[in-house]
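The structure appears right after this line, and notes come after that.
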Amino acid sequence: MVRLKFSIELTYGVLDATCDFLFNIHPALTSSQQVLSESLSINQPVQQQLFMQNDDGTRWLKLRANSGELVVRYEGLVEIYHTVADPWSLEEMAVADLPMDLFNYIYPSRYCESDRFQALANHEFGQMPPGYNRVLAIRDWVYQRTRYTSGSSGSSTSAVDTLTDHVGVCRDFAHLMIATCRALNMPARFVSGIEFGANPAFRPADFHAYVEVFLSGRWYLFDPSGVSPVMGLLRLGTGRDAADVSFATVFGATNPALPVITIEAIEDSQQGLDLPVHQDNALSTAGSPQSEFQRIW
Amino acid sequence: MVRLKFSIELTYGVLDATCDFLFNIHPALTSSQQVLSESLSINQPVQQQLFMQNDDGTRWLKLRANSGELVVRYEGLVEIYHTVADPWSLEEMAVADLPMDLFNYIYPSRYCESDRFQALANHEFGQMPPGYNRVLAIRDWVYQRTRYTSGSSGSSTSAVDTLTDHVGVCRDFAHLMIATCRALNMPARFVSGIEFGANPAFRPADFHAYVEVFLSGRWYLFDPSGVSPVMGLLRLGTGRDAADVSFATVFGATNPALPVITIEAIEDSQQGLDLPVHQDNALSTAGSPQSEFQRIW
Amino acid sequence: MVRLKFSIELTYGVLDATCDFLFNIHPALTSSQQVLSESLSINQPVQQQLFMQNDDGTRWLKLRANSGELVVRYEGLVEIYHTVADPWSLEEMAVADLPMDLFNYIYPSRYCESDRFQALANHEFGQMPPGYNRVLAIRDWVYQRTRYTSGSSGSSTSAVDTLTDHVGVCRDFAHLMIATCRALNMPARFVSGIEFGANPAFRPADFHAYVEVFLSGRWYLFDPSGVSPVMGLLRLGTGRDAADVSFATVFGATNPALPVITIEAIEDSQQGLDLPVHQDNALSTAGSPQSEFQRIW
Amino acid sequence: MVRLKFSIELTYGVLDATCDFLFNIHPALTSSQQVLSESLSINQPVQQQLFMQNDDGTRWLKLRANSGELVVRYEGLVEIYHTVADPWSLEEMAVADLPMDLFNYIYPSRYCESDRFQALANHEFGQMPPGYNRVLAIRDWVYQRTRYTSGSSGSSTSAVDTLTDHVGVCRDFAHLMIATCRALNMPARFVSGIEFGANPAFRPADFHAYVEVFLSGRWYLFDPSGVSPVMGLLRLGTGRDAADVSFATVFGATNPALPVITIEAIEDSQQGLDLPVHQDNALSTAGSPQSEFQRIW
């Protein structure tokens, strides 16, 4: 069990008379991730609404800000429970056995053009036995061929670009891994979050992007960028790719400042609270969702 | 009210020992589209399941076929009720007023890279007054700049390609219109269906792709390819783009034959049954979905 | 006649033990552009060679620098003679009449994928009468649809990207215009140079990119970015597109500083020296090259 | 020494009143490739011209055909002399030692976006010792990762596409190899020709595309598609990529038929005439060109 205390502060200069924002900075509420306390402060008197997606607990703050400076600050204390599995026990699922809801995570999406990865995925991974180890092989292949370089990609960079250019940031690593998994008919999706890095003393906390692959009936976590132990992931949003879970979608002209993020892990062996560390077991914080489909016959 | 009698026959040579299929050939079940009768026949004794998506009534037939020939034949009789609106009464909705469920139709998707259409959409349509007429202008712009050419595009062709190449088939017309609408913050989505053409004597019935744009609280129908009156659309599936609603997704090696489709419209003025024709009013067969979000505050 | 005094200073931190450079910072030597005086200074004792392309007078400085700081400074005084033509007299040439050497400027190139612009070019300009005015229409279309934004494009941005994204810097404007012209079978090429802007008081001098289109037997100058009167162009290099005429090609790891460029125009009515200004006539500084082909029969 | 007898017959239905063509179906005339006899017949009385590029002997037939059927038939008898080198003796050349004329073959081109292959090329081949073996490794990497599939690519398919899609025809194999070599600063170019396959009984003769890489002062031949021994290559054209050396460029609307090509190798040990076979030595039929540059200092 991991307990994380964190804050996110976002600052914008709003250039229009009013500007609508959609923020995903509240932690998702799931059976594996509970919020012990939280607070939100906004420097302007704005119209605001908070929504939650029923299926995966993603929360969205919608607000209309006025011209001038907007500062949105969230603070929270969150507890995360991990389902731990022996890697050898995890299996890729046959298409025939997949819940209908998961096909959306096999189909291609904006930044994960899996339709173009069929030949590549089969060339590189088609001969490997299916299972968790094949997913690890994909993760490691992405990690080894891609150079992490800040500013090397932009909002239109997709998995095909990253495959070609061998460079990117965490979201690009995630997209390349997702596209490759989907081309092998593995449901794979994008998780945005805050990372508790292995050594925060040396790196400021930041937004991060992870991958989940559906194996043996649950979503297992992978970080192809190698930045952070997946145990330290705090989930903000879940989607097909980055198009679905931007931490901020802005409908107007603004001058954004860099986000300011803090995070700390609370260690307390008596309470069973661990520091996030790399480990060999497979970790999951999401099971199969409640189905949006009904079977007719 | 329109009543359509139609059939779809799909034939595949299955090359592997078994092959999984996901078909979307059953008409969607919605409050605007009712199935009076239907039948399905399959030439092999297969394992099969039929599912329905709760939110939009899309139906999926999942089956595992064996090596050899597979013939799937669906026949149905369907009634479609149109909500008719005066074009002048329809308005684009402010972002602040959009139901949360609709943001997925503003975000970019695999074949509709609306993130790259911002400058173009503003250049071409930014000065026009918002409303139905602006949507018509986008539809006509797509229609006039794109040459309908069978075989000119493939499964990886996206709106950026169609924008550049000025050529495509119905799905490409739809993707280009959707990407442009989304860049202006209009929710826009993809509808796959069967068309009852203006003059079926001269063209065989075929699968078709349409666009829905969300205006004044409902989804309104547009056909940027100009092939068919939207009144003759029989809805099979609804999604972000073609990635979501392929009529057949095949997980294995097959030799597919060309689909064989028949369709006829039943005219009966006493029963109020009309032939599908082009008309100046705006038509809708879908309202706002039941929300998957709950408002917290 | 225009007389320009200018200097270019380039500074690099060379990170490897040695590093090869290819510079195109000497003005081209042509019958329309003569160098009255020039000097080159380099802060390191380097191996260096200066070459000139026979066909178009482009000059290349090749040198191997050592680790540490490299400063290359060129100063020159250049006179440019313009061939002036009445726009109405200029004609597009029939393919059958084109010199063989010019087909390279009709074929697509790295940043000008004219093979993909056929439908677009015919859609937008196919109905216009051929001639100088059609070229102006293309220039204006590029100018009006593209927003000049520093830093909006990179070394892999091509005409297809600029067509989609409606944003770029001078080289992107040039590539889009070239691709469109070639799609209509007009030979079109890329000129890199230094601009003497309309009002240098308000903008520092900079490298610039122009377009030449072959009409009635000569290459005529166009600036689709609208930044500068073509009369103020000082030609450094000529090529199919930016791939051929980078002002600096670096074969190794360096930290480059921003180039420092100065330029002034010498006005002297007695000597017939004019300030570069926008004018309505068509201007050319390049005729048909000496042929690299021999006719056999 | 190889002696090849071959014919090319091209047939077009010309749909416009007149149509200009540029054909590259005459063998190049070089010191390594001599034409013993040849004949050309055209079924229409057309205006025609034959040109030769001075630097590499590529020949171009330019003609204007009239409406109706056009049949162009070339027959020739050609002798090819190979410069044979021990692979171990061949070295990649330092940038500083490269003749200026060769930089055009390092820069990116339409179908070989080598600017985007830097990271990939260094990742895959950066650790290998430079030399002929590294070029072979690139050739084999292209061959093993790409599936030869007729009709899988088109006139706008480039090396980035082939890298992603792992499928193509001979020109795509060539483009991918060229882009990768250039990213490592090896001059590499495209050769179009006719292949004398290893076993023509089983495959009809066809146009083919090869790669030349500049090593130790000469251009050496490679066939990344693995279709044909390079010894059997008959050179038609030489260029940066396929944009430069199409066997037919058509300026108008036509219905083309499939080309009909025959080729046979004449074996005669007394005259020293060999059948083309695969061999372990490196083969070259092109040296450094006469320079288009003069050194100033």
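Think of it as A, B, C and D in the order they're written, each chain with its own count starting at 1.
Please note the rule applied: contacts are C-beta pairs under 8 Å (C-beta built on N, C-alpha and C of every residue); 3 or more make two chains touch, one makes a residue touch a chain.
It should be emphasised that the depicted structure is a prediction, and the values quoted were computed from it without experimental measurement.
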item	value
Other chains in touch with both chain C and chain D	none
Distance between the centres, which are taken as Cα means, of chain D and chain B, whole angstrom	46
Geometric centre distance via CA averages, chain B-chain A, whole Å	30
Inter-chain centre distance, chain B versus chain C - centres from mean C-alpha coordinates, in Å	48
Per-residue multi-chain contacts in chain B, two or more chains	116
Interchain contacts, given as pairs of chains that touch	A-B, A-D, B-C, C-D
Touching residues (chain side chain D, partner chain C) in the complex	20, 22, 47, 49-55, 59-60, 62, 64, 94-96, 100, 103-104, 107-110, 113, 115-116, 155-156, 185, 243-244, 249, 251, 292-297
Footprint of chain B on chain C - complex, ascending	116-117, 119-120, 123, 145, 147, 160, 163-167
